[in-house]
């Protein structure tokens, strides 16, 4: 069952095209993880997150200058190469300026029926963000209603919320299993699950998660779990990297990344006002550093995860030129180390030279093992 | 080729005064505490009218112009950036921020003495680096940090709720400042400051508009030293007064046909901050008879523009000019929020198409022949979307050149290659060096 | 009248003597420490080949990164202009000229007269110029001239992930350690280079009427992979690609 996720991960575009054919529904490309997908699901649409492919590319040079993060260029390249030509619409919720370029170039050069920018608050810590964002979520809902020509009812919203929440809950449950001494799944496998939840039909995804959850108690990895690692940082859906890390004597047991746990960690808490519940969910989730100030609220969350999952070390993965994370990392590193979590910082390009990284990861694991001895 | 016309030129009379104001500004900031005053630091885009309500002895030092001053001193700029690198910060972060932090870490103030610690940081957030800049600075200095989120989308889509969101945060920030400083906030002072802010920034837009004249009364290299006052403290009366004087002088230059560049025959604009240590590339362009009459950056970073009756671009009408009497704190905050949200240089953060439209407008109204875009590795905030601007301008038939550089990190600027690029661009524009211009520069 | 064109490159200096629209002689020497001295040497070599004396030269125009360093030149032209003039002289239909040299690469869009309309330069990134293949040849321990032919023997594409020279070097080394065929690595190296060159070309727009010039165009491995990357089969490669800019410089007189 668990192989299903990898299959989806590889064949994501075929999946979306088939979904469209079978359901006749609309596929909406989501930019970053702040788009309130509840609304899209309530409108029976398929939200599909725009991600890169980790292949070298030469098509974005005229559109995004080389000083911006490789992820935003890799993602645009997928559009320019026509891989997302099944999209009916695109939506961005305000996040970093790097990725906004992907969205804007997309709007200019790859026109779709529906495009929408949600000016979601950047300072999630101010109390005023709540009422403001509620209105923006409502505006977004109205725009979708106008686009489809169908109202989104309260029942629709409830369904949207429940479908999203169920998926989040199940992913949390799978992650729970990774707390075990011998996690029944690898970090690579967990990555396939988390990443695919961002573009596969949520109910279908949840059904497979449920089935897998039944299998997990019996499952044993054919190897020793080795050193327990955490991955923290910028956008990362690079399964090859996790595979390499786990091939040299470690298991990634937890992540704090936007393609992983940050995406699904918390739920929309129903409070009568459905739109407020949705809006608040995105303000309360573990933040991307671009939204995390004046306090570094994220740091304690990272440490809690490291402790809960008994990570023996953290790999701080940073996309080259990613200002939001670069603006956090030196202090985050210090904070983790002061709290007994050794770290290894790596800078990532969209495509990564695994060889040199392997050497550094091995050395890092060695120092952790060394400490274990004493 | 016919000998190009030579226009009369004159030195700008206001020039020494601008310099004086700048020097006094840093002195006042450094010595504020000796006089029992208050010091705050933050970004040039912070709502600087707001802390003015704390009293007449409130002094500010905005981070970007401070770092830009250091950038002219390549050695100290390097020392600052090295100090920041040494603390593990990535080298590709905003080079102003890296310089500011470095000066703070080294505890060395560029204008002499120790780095003056502010009482609080006050910032707006629109670029990814804004909040991170002062988050780190306030942690290092152990002082409070207030940050106003202005990410409510482009001005053309502003709604009541979006404006309210900004205004509410401004109200909160006043409460915070009162607590931090123990002072009672004076709304009258705020109202006066908002008036001055609107006046200074509208006046600057008016001055830029005067540059539509041929020959241009100002060149961008000169404008760099003038627009900067608004980045220091646009809500100060002294700065508003200065711009009034400058406006009159520039008007007079236009009336008398005084040029900034004697052999003007080709007009361009640039984009983003220039590599400050290498302003001589502007002098080099002058040898070809090229004058940069400004940029969206010099115009719209601190100039507030609006559409005029005839549909052209010019200064936005201030509340005073519209006969609006500000009576309460809330009214003042609403006006300053709305006014700042209309800032031309904030719009591209959401959509490069808006910037391309503004650039095309400048291209037509300022009668340009080409555009030079600085792909500024030091500032992702102003370079964001530049590549799309280039495509948009080319599509509209505008000759465009780009060059890579960094406003404050000389390691990322290659002078020889840039001049050679400019030369190639001049060739495509059909321009050759004017012997008279070359000789005059060599002699000066 | 003899027109001389000198391309004062970072690595080599090329001289071309032209008369009545025909090439009379060519010479190439290493730049060495003293570019002016080396240029003189190249010029003398070319004169000797043509059987001419220095007095026969009517004009000397320089181009290349050291173009201002030659005091006896009668003038100089920018690199894009020289490249465009030279390319259009050799191939009148050329509209996009791609010049990949030892240290720099550029793409030039031009009109039928060789006037530059737009250009893009790959700045300060060794991974987009000849220096990249040199560094990789060293890592592979094969002579530079053999890198191209070697890559043509490759039977499979392996992606080269590293985006910069330093990383690429260590990636090549780990590929060697993992027993990847040298030919395949060589091909990956050229794919990496051409992908960066093509990315740059896209900035001025991809016109099928393109010509490859500059020393790196000698490398059959690069040319092959370049064709694959742009998806254009009949990419013209100048016969002696490194001399095109010197030809353009010679022709710049009177234009």
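Per-chain numbering from 1; labels A, B and C assigned in written order.
FYI, a contact is a pair of C-beta atoms (placed from the backbone, for glycine too) under 8 Å apart; a residue touches a chain by one contact, two chains touch by 3 or more.
Here the structure is a predicted model, which means the values were calculated and not measured.
Two chains share more touching C-beta pairs than any other pair, namely A-B.
Compare each chain's C-alpha centroid with the centroid of every protein C-alpha atom shown, and the nearest one belongs to B. Taking the mean of the C-alpha atoms as each chain's centre, subunit B and subunit C sit 41 Å apart.
For this pair, subunit A with subunit C, the centres built from the Cα atoms lie 44 Å apart.
The geometric centre of subunit A is 37 Å away from that of subunit B, both derived from CA atoms. For subunit A, the set of residues that touch two or more other chains comprises 62. Within the complex formed with subunit A, the subunit B residues making contact are 87-90, 92-94, 125, 127-129, 131-133, 135-136, 138-139, 145-149, 151-153, 157, 161-162, 164-165, 168-169, 172, 349-353, 375, 377, 380-381, 383-388, 390-391.
If you check the complex, the residues on subunit A that touch subunit B are 62-65, 67-68, 94, 96-98, 100-101, 104-105, 108, 117, 119-123, 126, 128-129, 131-132, 135-136, 289-290, 293-294, 296, 318, 320-321, 323-324, 326-331, 333, 347. The touching residues of subunit B, counted against subunit C in their complex, run 394, 400, 404, 412, 414, 416-417, 420-421, 423-424, 427-428. Contact residues on subunit C toward subunit A in their complex (touch as defined above): 159-163, 167-168, 170-171, 173-175, 177-178, 191-192, 195-196, 198-200, 202-203, 229. Interface of subunit C with subunit B (complex): residues 65, 78-81, 115-119, 121, 123-124.
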